[in-house]
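Multiple structures follow.
Here chain A shows up in two complexes: once beside chain B, once beside chain C.
And then the complex of A and B:
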């Protein structure tokens, strides 16, 4: 390759490459589906499938008290929406069996002196036996149980000032996601995860396709530079990526009812930075893979798991072990995730997100550099 | 590398389109091109003839700036083949062995794409496009998807796309491979047409009859250049006489003559066998004797002028090796 290579892309050649790429894309149904239908499909599927909200916890009851009070307690649980009564059990020996069979997740045992204790002003007790297999849900079920008991107690017990417990009460207000709907957090996160995967896969096909079909040799014999090929291929997909972000955001707001509180223009700017990096990464993979099959698989591996598991989408980065936490810094979706959640839910601006912006700028420079460096015009 | 006493690009540019000295390319331990030296004059149709694996494609790729030579030096259109590959690409047309236009684009879209890549000025584009459509005989098919065309049309279109920018030098790597004889003929008419307009055409082939169309011909085998001259001079330069034996038993004739010391080289050509002999009269006697003693039937034995294939076989023999299969 000539050392005295022109640095700036020639507009005529750049246009020729971009135009050709669009023409090819338009005629390739598979790519069109991948570009436009896939992100929305993934968003709908994952948007519905993933939820961290715990509702309708199936529970059983052994009611030894059999009074109005004990029935009120059960009704409190049932009407909350968080619990669903499966059945009344007769004997404690049935509890284990039902938990084995996953008929119930939690079983309450109301002792015979339950209402008598309440009437006498003593502390009444009930027992809750929880299936702890799914520790997360079990923890949530226990905390919901406490909340239910609290609600029940407020309505049924005259609180005497001397026995009201602690003199301090925490009044919590939830901001940004007032109803604590996990969907509000998942959908903006999904936008970031999906765009990472789609962007890399889309471009991973482009150069591998040229190798596979033998068109690369002709392309390499023309004066087109590596930068022109890379940019020419990247620009149409950048436009597609931005359209995808708009479409999935709309879907998130309209279908899933996720609030959008920030500035759409800022989201576009950030998406631009992120997409350049992700698309560049795909081209880099494509240049090495040389077949479309290998290219998509590598692109999938390189983006899917990191974006899904290490971006903070599934698990908060702050609770990850040290090594993984360090690793998350090289997962670009990590930054974009903060951006989408921040813009959707908190409505924050550049004064907060500039840090992510800088990291994504670095990512896009690295992605582009890798793409141009990785793509060789010489034949081996 | 061009150093003192090396190639002076300015001198070559006038009368020689391609100059190559000691060109070598290795792939690992395999020597694809082995110390090859030659030059191509401007406006010449220069042929590279040799079997598959002879190193023709590797050579043409080096000249087109697609491969870097392991050693040796050269210029194409006055530009150094190791340092100025990008300048070379602006000044040549190249057509690779496999059809490599975009099958999913229309005829016109392919032309437009390569016009853009070669930087054909906007005001010239339409004229050049029409010219390509004309030489490819695709005027009525400009909106056809290229993949639907027959190979003959595709190759003419590919040639047209390769010369959109009117390059002084054109490299064609087995352009007619797999094309039917009539389309092949019309492709060669095109090559002559371009050469007539002053384009230097460097073409590789493994068709002997196509080699005859070249002004000069380089014979290549196992990475080495074994002969280089005009086709008629190559034939005339064959020192030993050539006998043609017409027979229905070619295989048995070949077998018999291979054991005859007077015969240097035997080649089977369908229902004829060609035998290169050391001396015409003694050779003829020896062939008669060899066939008669084994009672092998034959129709005639006569001296014939050598074809390029005979020349090729003879030169390979002189080099001391059989052509690669």
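And then the complex of A and C:
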């Protein structure tokens, strides 16, 4: 080789590669749809439609007591907003059928001596039969039931003649997401998931496409260096990713009222680092897979699913088994999620998030290196 | 040559054979078809858990007495909370929650032992990091329950109302039992819809679809031949997932497998039809993949897979009725956990059947128009 190897990318060539990629992207309506409509669609679905906030749990009652007290208890449940009375049942045998058919989620059985026991100062009993199929909703329904019964007990029962209450009173407060809306937890996390979609799914095709169409040899014959190809292919997606961050943050705050308590500039900086790493990974997968079919599938498995499931986005990392918990440390979205939630909800700055910042930096360097390296292997 | 009605079994078979060969020849694709269900099972079986245990808790104990230590060990001993740190400065709770070191903070006031002993009563402060609303909701319930029980035991009193709760169908309330069977729905949809669409579009992209069209092969034979291998793979994945769910994850299977198979056939029909439809609106494999992804995500999110349909707004609940995944999930979970039979599941079965037929018919008509 007569010429010295160039290290720094040539801006002209970089622009040429980026321009070609943008042209190709612009012509591909569906990728554009994915890049800009998908974030909106996800925001609307997560913001409006789906939630883990459990309300209006349909319940049934077998009231064997039929007194004012038992009716008061049922009213307590109904007026809480957490429960909706579906119907009164007559016989215990109806419970099974109704739970099978999912008419009710929970059925209460009030025994015949319920109010007599209360009046006599004896411990009264209530049975609750829950459809445990959906463990999460069932757990929440049970804890609401306990709270309702406690409310009822406080209003109706004297604890003892000498005492006004139990010796310990719980004073609960919730920080950062005071009303406990799952929307506030999901929208900041969604920013991370959306970026992974853009990064992994969109870029996974770029190099595999060149292989499949046979344009790779042409590209190899040009004087463009590896770094120029990788950076040129990366830049347009980086722009799309950053626009998506702004778009989804704005929508989350303006449309869904998610609080934004931190520094927007810090969010952009962290997003930039995260995107560079994720895009590099996508290009690496694409170069490695060679066919578009395999590239997309591997990208889904390697980046998108972990970002969704192993990042703490919705499923707590603390209850995962040890092996998986260790695995989550190499999922970059895990760190990015701490950043977005920290900035949106907690309003913390770099003095708290510097650890995550360092991880983002390492990730972006690894991603870029992988992309450039993986690319060379294929060319040689 | 006379036009012959019906479907040529031999020609259809040849297409199916060719397609199967093509799929299984690529070692990476082969690994994918069987590796994907396994990875998904592992992730969903182990990672996707909404059970809330070991929530990290920071304790500020201003009293440091026997009574306060008893309360703390009641918390730690419950299994729901893990004490990650203790001190006697209130500001440490703020710090621990800000840095994410703890999700729950508990502050025991000075004079706790004295006040609980003399009947005045003491206030225990509980602070929850609401960032993950689900963890906060559930652990608040647990924490208040533990406090209350502990308080009652201090005055040797029984709670005035005794709640006996029992969970049917999933007595231990394991979210795994709910999630693992549902993976079948995801995998079948991914394989049948995405791979069918890509297989057909590949022929179009490479240009062999035109050759097939001028051959004596009839479009219906082409469609069926293309779909058969993926339907078989879908059934294979159903068997694999069911076997692993039962043998490895010990998910109960209370119902009838033939009924599950029947429902799966209807569902596979719908998924294949979607794949065929997507192939008619895509010119390249990239387009096919993108559109699949665009449709797949909302379908899964609006199916009740992880987010209960009953908590959605009314309008969205109506929309989910058009989603085959939703109906299939009711069937799968009903059969696995509840042992439900046709008597309970017939509305979902009918819905799946009708959707399967309708989507197939619609897609096939479009395919005729675009290809023939």
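Structure notes:
The definition used in the following text is that the second predicted complex is superposed on the first by the 349 of 380 C-alpha atoms of A that agree within 3 Å, B and C clash if a C-alpha of one lies under 4 Å from a C-alpha of the other, contacts with A are read in each partner's own complex, and residues count from 1 in each chain.
Going forward, a residue touches a chain if its C-beta (ideal position, glycine included) is under 8 Å from a C-beta of that chain, and two chains touch if they have at least 3 such contacts.
Just so we're clear, the structure is a prediction, and the values are computed from it rather than from any experiment.
In the superposed pair of complexes, A:269 makes contact with neither chain B nor chain C. In the superposed model, A:314 makes contact with chain C only, not with chain B. Of the two partner chains, chain B is the only one that A:27 touches; chain C does not reach it.
Of the two partner chains placed by the overlay, only chain B lies in contact with A:215; chain C stays clear of it. Note on chain A: of its two partners chain C and chain B, the one contacting more of its residues is C. By the document's definition of touching, of the two partners only chain B reaches A:223; chain C does not. By the touch criterion defined above, A:247 lies against neither chain B nor chain C after alignment on the C-alpha atoms of chain A. When both complexes are overlaid on chain A, the residue A:12 reaches chain B alone and has no touch with chain C. Within chain A, the residues touching chain B in one complex and chain C in the other are 28.
Those residues of chain A whose C-beta lies close enough to touch chain C in the complex are 28, 30-31, 33-34, 37-38, 41-42, 45-46, 48-56, 58, 96, 99-102, 105, 118, 123-140, 142-147, 149-150, 152-153, 157, 159-160, 162-182, 184-185, 201, 205, 209, 289, 291-294, 296-298, 301, 305, 309-310, 312, 314-316, 318-321, 324, 338, 341-342, 345-346, 348, 352.
Residues 26, 28-29, 32, 36, 39-40, 43-44, 46-56, 71, 82, 97-100, 115-117, 119, 121-138, 140-145, 147-148, 150-152, 154-155, 157-175, 177-178, 198, 282, 285-287, 289-291, 293-294, 297-298, 301-302, 306-308, 310-313, 316, 330, 333-334, 337-338, 340, 344 of chain C are the ones touching chain A in the complex. In the complex of the two chains, the chain B residues touching chain A come out as 61, 64-68, 83-87, 89-90, 92, 94-96, 98-105, 109, 112-119, 158. Against chain B, the residues of chain A that register as touching in their complex are 1-5, 10, 12-13, 15-17, 19-20, 23-24, 27-28, 213-225, 377-379.
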